[in-house]
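Chain lettering (A, B, C and D) follows the sequence in which the chains are written, and residue indices restart at 1 in each chain.
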Amino acid sequence: MTINIGIIGAGRIGRIHAENIATQVQGASAFAIADTHLPAAQETAAKLGIPNVSDTHRDMLANPDVHAVAICSITDTHAQYIIEAAQAGKHIFCEKPIDYNLARIDEALAAVEKAGVKLQIGFNRRFDPNFCYAREVITSGQIGEPHLIRITSRDPEPAPMEHLQHSAGLLMETTIHDFDMVRFLMDSPVTEIYAAASVLVAPYYADFGHVDTAMTMLRFESGALGVIDNSYGAVYGYDQRAEVLGPKGAVSTDNQTANRTVLNDANGIHSPNPLYFFPERYANAYAIEMQAFVDAITNDTPVPVTGADGRAPVVMALAALKSIKENRPVKLSEFDL
Amino acid sequence: MTINIGIIGAGRIGRIHAENIATQVQGASAFAIADTHLPAAQETAAKLGIPNVSDTHRDMLANPDVHAVAICSITDTHAQYIIEAAQAGKHIFCEKPIDYNLARIDEALAAVEKAGVKLQIGFNRRFDPNFCYAREVITSGQIGEPHLIRITSRDPEPAPMEHLQHSAGLLMETTIHDFDMVRFLMDSPVTEIYAAASVLVAPYYADFGHVDTAMTMLRFESGALGVIDNSYGAVYGYDQRAEVLGPKGAVSTDNQTANRTVLNDANGIHSPNPLYFFPERYANAYAIEMQAFVDAITNDTPVPVTGADGRAPVVMALAALKSIKENRPVKLSEFDL
Amino acid sequence: MTINIGIIGAGRIGRIHAENIATQVQGASAFAIADTHLPAAQETAAKLGIPNVSDTHRDMLANPDVHAVAICSITDTHAQYIIEAAQAGKHIFCEKPIDYNLARIDEALAAVEKAGVKLQIGFNRRFDPNFCYAREVITSGQIGEPHLIRITSRDPEPAPMEHLQHSAGLLMETTIHDFDMVRFLMDSPVTEIYAAASVLVAPYYADFGHVDTAMTMLRFESGALGVIDNSYGAVYGYDQRAEVLGPKGAVSTDNQTANRTVLNDANGIHSPNPLYFFPERYANAYAIEMQAFVDAITNDTPVPVTGADGRAPVVMALAALKSIKENRPVKLSEFDL
Amino acid sequence: MTINIGIIGAGRIGRIHAENIATQVQGASAFAIADTHLPAAQETAAKLGIPNVSDTHRDMLANPDVHAVAICSITDTHAQYIIEAAQAGKHIFCEKPIDYNLARIDEALAAVEKAGVKLQIGFNRRFDPNFCYAREVITSGQIGEPHLIRITSRDPEPAPMEHLQHSAGLLMETTIHDFDMVRFLMDSPVTEIYAAASVLVAPYYADFGHVDTAMTMLRFESGALGVIDNSYGAVYGYDQRAEVLGPKGAVSTDNQTANRTVLNDANGIHSPNPLYFFPERYANAYAIEMQAFVDAITNDTPVPVTGADGRAPVVMALAALKSIKENRPVKLSEFDL
């Protein structure tokens, strides 16, 4: 049976998922698309041959031939759409984060629970072959129980000024991926977070109360320690690395590049930069995560990234934000875990 | 307009092209498939939704809705099918080599010329991002006029014994790709070839008069020198590299790996092997070459790999075979260029 | 004129310096050696042909032919020996740290100041070709004003239990090198430190109130952020890396290995581990730093690592220790800067 | 007992050996130096404190306190000096090649044999840690019996015009090292050689009948195949690599660089070039080979590179030169083996 999927939101990430569903994912069909800005939905529908187009997600929720939705709209709408989709009996793929508010997240997860539908959160990096293999090395015991973890997560450029008004900020939009990666690679829970942040790349970030540079330290229940460094100014490309040290060794991931061609000239040895940004670096990961969602529906098996997996990094981001505000280490137990 | 393509041959390479046409190539449709062993054609057709299936290529040649064919059958049939397809007015993508016989190749190319259809030969490596970028570095003058070229082209395993009876041998099946790569990267023509070969990997190769290991030296008109090394026993994976030295520097390509994850343990630093074989390494290249073929038809522009490009490496392979037989350097001018 | 140097202390680091002075350093002579355990001094003297041997440093201080001393004894004695040597008019090379007590350090520096002799502190990593080149890249403006710095500094094994009683601990013995490296690579001063530490590698560290794993976050006056990660359990070898990100790029240093030979087999690509520990990794650096000390005497130019450079990392280590104890970020201004 | 060594020839390589003997080699003394141009000998003697200086090697041969000589004079003199030194009962280290003439080599080796002194030939690359480790990987069976070998050996610049008149040419001066490396890494003997050469880097080479670019193919008795590529125009630095493929894997050596520091900027990833030329790349190897010579004398054990090891690559170079001249593969059996 083909899983008919309706895509809610025809922005950048919505188009990525729509195209993967239409061309790469086995056992699924890009069946409907909705965007409050109708021309955006129409354009993507035309390009990919999506038969049902609307300016509201309600049409696809009302359509009994739609089996699942992919929520790719702005974050403010995620919780509401999850609730509506659950009530309509649709399986749900939702982009991260579910919401910035824990009560609102819990309301959405309760609706999913009640409806008995599947919910997968879009932490795409878990499907990147580099991080997958690093996790495999760790869980197979090749480095032993982790002692240290370092995550580097840097964007090649800051967001343009006009995006900042509606931005939830670096910690909630970018570091949240790294908090998830920490949970993916480490089996001990984080207990305490200390974070610091600056505006160093784009001065206009300060005008919106935002930061473009951050460093976050983590303590784990096991005694392990971790750090995440973030910047919106890595001009050499999207820098996405992780390294975990244990008593038997260390595993680390390097960046992907467009090719492995090297030029040696009188000035040195030159090789290509990391892939520029997330659409290039995580092209595979986006396709693999959607395939996993479709497979979980088809085979009625658990999704690989659950609602609880979607909630936990939000708690970590809230702790980090509190730490920055109060300049002190913040225990996760200060929040409703 | 969508280019309707008929695939002739549903073996390994036929299935790769059929799947790319069906799922990746823009502006094309996997419209028909034929295989003398009908079930093979039927299976691929079913999997990819190809509407027209037959046990003979003649059906698709007779179908006015077929605009182009992709010849993926055994080499013996290539020239004949090219002639028939040309006479039927179809554009032609043909796997390498066109034939082992120069007269037969010339007959096929004459038919294409007369019919005025497009013919593209399947030298997929020209579309690999590594070799493409190396060529770009060279043609843009970054290393100057080449002095030396080294090509490594090693398979991870020998062919099974049952394939050897119909094999044209290492020089004609494998080195032919490297001869094409030499032409792709160097702008001076090869004038003389010296080759040596051995059976070192799989003793049963000797029973069929075949070799599994070879080294081929090349002289270029410019005075540049080159070497190709081939083996069917690179147990660490498909080893596909090139290096060109010029007066201003050198460019070299490394292998692609499944990921960039590294394990450091007490025994050393360990990273993943090259992708295992051609379907993995050249997955992208196959899709890009077919897109290029379709684009050339759609826009009525020249194909990137012509019939002449298909013929030249056959001459080089014939010279290399003669060199091995007579243990002497052989000038290409001994053949009908 | 040859600078006659007296080495105080014939332990591991004393022997390294004695051998470099005897065999590598130009313009210097290994003229005297003293160790309270006389046979140790005698053994090194015999091996290297050092003419003057004693069980007390006082002999070399009294010898007018001695121009300079290299203090390589245990840390407790550094300040006292600096004072005595200064009063004797000898130039001084002193191993780090000067002392763990700021008042004691100030007393020693005052004696040096008064005597007008040169004092160079043994922060050897500043002379390692990797870190030197990284600094050159930064100071020449190639990455712009730094935003982030990450330092990894891991030992391949913990100290044996019998050494722990007299140890000043990881932060004061190991991280102190990293604090110096931070000062070497960044031109903005550190203003605040937050550190966390654990016992994860060798449980007996806890019995002595010591730690074997630590992570330290740094804020700089410029707004830049930094992190140092330390472990005594990097079984793959001495892991000594730094990375600095600025608005125009990033510079990073990798580890040195015994050779650049790579084995590809069916299990992957294998290369040699980092050099095992500091005598191997910093062999060059030790020779270069001693040459720099001798050159500063010979040419009467400033030493490259001053007494103030020796004091500053001690303040940072004290701040880190206070941070660990009180679990809060500690401003350096809480100390007598 | 200290081995007193007399150095014959105070040119570039003579100074390298003199300095190593004076400062690095254990158990040896730089005891005498001679150069027909006396000021050259005097300058090196002064710098290194060598007590005996002369404008003729005869003085050191007549000195009973000299135990061994290091012949670093021009190649024309090697055989003669070997004979005289052997007759004087001195152990002999001689720079490669012994001579270009096999009869002359045999005369020298006979004198050594008769005198019962030790003779070690200066094939320094055998002592480079990269090639040593590659050999260890091979001889320990980790890649199995070799099938293919590739050697790259490129100088960063051609010789100046004034040196060419007395040069023996690329094959005899440079490739001879590679022929030795082939013998060092492969346990099967070379049976046949095919070589080609060009003038591409420095046109004035043609005026002296010399070449600056060459490629040499080798057949081994085992059926293995090999290639050596040489150029005098590798502007990115001294390029010294080897790669050996066997049925269980491949081993390869990369170049050494001044440091492992990497710059990532908007244009790519940049790392340092290979060490510029032989004095930098083989600094360690020269010291280790001389230590090995001294150790062989001290312990009365066989030298690691014998007279026969010095003769064999000359035969290979002669075969390669004949191959170039006659443009055909040349069997080594055409020479007096």
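Side notes on the structure shown:
We take it that contacts are C-beta pairs under 8 Å (C-beta built on N, C-alpha and C of every residue); 3 or more make two chains touch, one makes a residue touch a chain.
Please read all numbers here as calculations on a predicted model, not as lab measurements.
Comparing the CA-atom centres of all chains against that of chain C, the greatest distance is found for B. Counting C-beta pairs in contact, the pair that comes out ahead of the other among B-C and A-C is A-C. Chain centres here are Cα averages; for chain A and chain C they lie 42 Å apart.
Once the centre of each chain is set as its mean CA position, chain A and chain B turn out to be 40 Å apart. Each chain gets one centre point, the mean of its Cα atoms, and the points for chain B and chain C are 58 Å apart. Under the contact definition stated at the top, the residues of chain A that touch 2 or more other chains are 235-236, 248-250, 264-266, 272. Partner chain A is touched in their complex by these residues of chain D: 235-237, 264-273. Chain B meets chain A in the complex at residues 23-24, 129-130, 132-134, 137, 142-143, 248-256, 258-266, 272. Against chain C, in their complex, chain A makes its touches with residues 147-148, 150, 152, 154, 194, 196-201, 213-215, 217, 219, 222-227, 229, 231, 233-236, 239, 245, 247-250, 327-329.
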